[in-house]
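Chain IDs A, B, C and D follow the sequence of writing; residue 1 opens each chain.
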Amino acid sequence: MSKLTPINADFDAMVRRSFAKQSMMAFIGAEVAEVRPGFCEIHLPHRDELLQQHGFFHAGATSAIVDSAGGYAAFSLFEEGDGVLTVEFKLNLTAPADGDRLIARGEVVKPGNTLTVTRGEVLAVKDGREKTCAVMQQTMMRIVGRPDVSG
Amino acid sequence: MSKLTPINADFDAMVRRSFAKQSMMAFIGAEVAEVRPGFCEIHLPHRDELLQQHGFFHAGATSAIVDSAGGYAAFSLFEEGDGVLTVEFKLNLTAPADGDRLIARGEVVKPGNTLTVTRGEVLAVKDGREKTCAVMQQTMMRIVGRPDVSG
Amino acid sequence: MSKLTPINADFDAMVRRSFAKQSMMAFIGAEVAEVRPGFCEIHLPHRDELLQQHGFFHAGATSAIVDSAGGYAAFSLFEEGDGVLTVEFKLNLTAPADGDRLIARGEVVKPGNTLTVTRGEVLAVKDGREKTCAVMQQTMMRIVGRPDVSG
Amino acid sequence: MSKLTPINADFDAMVRRSFAKQSMMAFIGAEVAEVRPGFCEIHLPHRDELLQQHGFFHAGATSAIVDSAGGYAAFSLFEEGDGVLTVEFKLNLTAPADGDRLIARGEVVKPGNTLTVTRGEVLAVKDGREKTCAVMQQTMMRIVGRPDVSG
């Protein structure tokens, strides 16, 4: 990934404002941990309500945070007032999401005027050790002339 | 899709028992509406906690139920005692998930001894009218000798 | 799939003209068999140059024709003078591509002003019997103001 | 990607022998440039027969070599006598494949006993400058007890 330059110097606050409006992120307990130009990291602590039947995080939780991490990685390069939509994403679940929390990282692979391609990764953190449990490839769309329509 | 024959005559109860163990499905309010051999339909009523910033369902909710619908479509053809894992899925979001509830349908395209390929669709129901808001293509894996490890 | 209406009444010739300009399709021996609004079927006869080591069609041949079938399904709904680009596609190979020829079918799932989502299928025909060997989900982009840039 | 250890010390020759049996790779002019444990690079020089209508490489050529690069990255970690199958791949085309040649690189993200997940990238080289034109995410399957069935 080449170095990416944000159009909006206030990109960090722009991302966090949008994230704060997504009720589902608060509902599951997800938080934005870090924003850089073309990069976003989201954390999700373990909760008994987010599991499948063996005590691992549900794939729905994994996909929710990594889709958002990739989406906000793209959004960080947009202008204030632009909207952002997930066109599609593809997720491989590579290990059980077994941990005290999940860390989802999204980064822009190819920025574009209309479409932005990102890659993502989810780490399960258990007893201080990180293990990759999912990898993603995603296409985001910039919507001009409408405020943020992410999600 | 050719007609699919379940190995386990009790496939409907097998699917519902597994679904009931997934805390996240109960947490978001998802319910199994129908199970047939190689087919599963899951419903998700509108809740204020499942949205993004414009009042549409969050992509995380959409992907959670369609991944499960495809997974249980595959699982319906397995034997009692088999486990099931999502290998990967790819989701296109084709319209805003704007509605009173979502309906996710998964069906088996190609059953297999180890891998099963499914397709899925999500409909947003608003004022009694259905509109497709997402389509999915998915790979599931059967795990022999371990009880259901879905999710 | 709801019934799709072409903007260009001459869509069949528009698709075939574009296809004829793709040297790779001629090189491998692929032919357009049928065009309907939002649908395209491409045939590929068996050739010793298109195989992997067991006499089956190479995945590169399979993906080349089904990407084109989906792309021209989308293109059939465009205006004369529009360009078309593959944004991305995802292909599951569900059985060996073992046959006298391959038949790739693409159809539009969701037409759009900018993005069009399609699904595709590849059948291997052997001794007169068809068997699905691949399924695809694809995103195409319409480019306004530039002639066809497909491929 | 953690460091990957090949089971077969002769992995380089094993990959090249399998590649040499794929008639389609020779037909389009693709060559294996480099093999490392969990990594494979394939080159494809420009030929007039591999293009779409604007002089860029056809997406079928791009996908053929990156699918093979990812597949042989996985295969490099297998035992002599194992077979290898592409389960599925997802490809984003991020720029026109405009160049004197294409370079496809595949690398293993998550090795596994049955399934191996890889990522791939295609660079278009023009006048000595490289530009990414495609990124891929792929699932490969190891087949035990049958010789290489790749492709």
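As a working rule, a residue touches a chain if its C-beta (ideal position, glycine included) is under 8 Å from a C-beta of that chain, and two chains touch if they have at least 3 such contacts.
Please read these numbers as outputs of a predicted model, since none were measured by experiment.
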Quick one: which chains contact chain C and chain D both?
A, B
Please name the chain that ends up farthest from chain B once chain centres are defined by their CA atoms averaged.
D
Between chain A and chain B, what distance separates the C-alpha centroids? Give it in angstrom.
22
CA centroids of chain B and chain C: separation to the nearest Å works out as 28
Between chain A and chain C, what is the separation of their C-alpha centroids in Å?
32
Listing for chain C: what residues touch at least two other chains?
87-88, 90, 92, 139
If you look only at chain C, which of its residues touch chain B in the complex?
90, 92, 94-95, 109-110, 112, 117, 119, 132, 135-137, 139
Going by the contact rule at the top, pick out the chain A residues touching chain C in the complex.
87-88, 90, 114-115, 139, 141
Touching residues on chain D, where the partner in the complex is chain C
18, 21-28, 48-54, 56, 58-61, 63-65, 67-68, 85-93, 96, 148-151
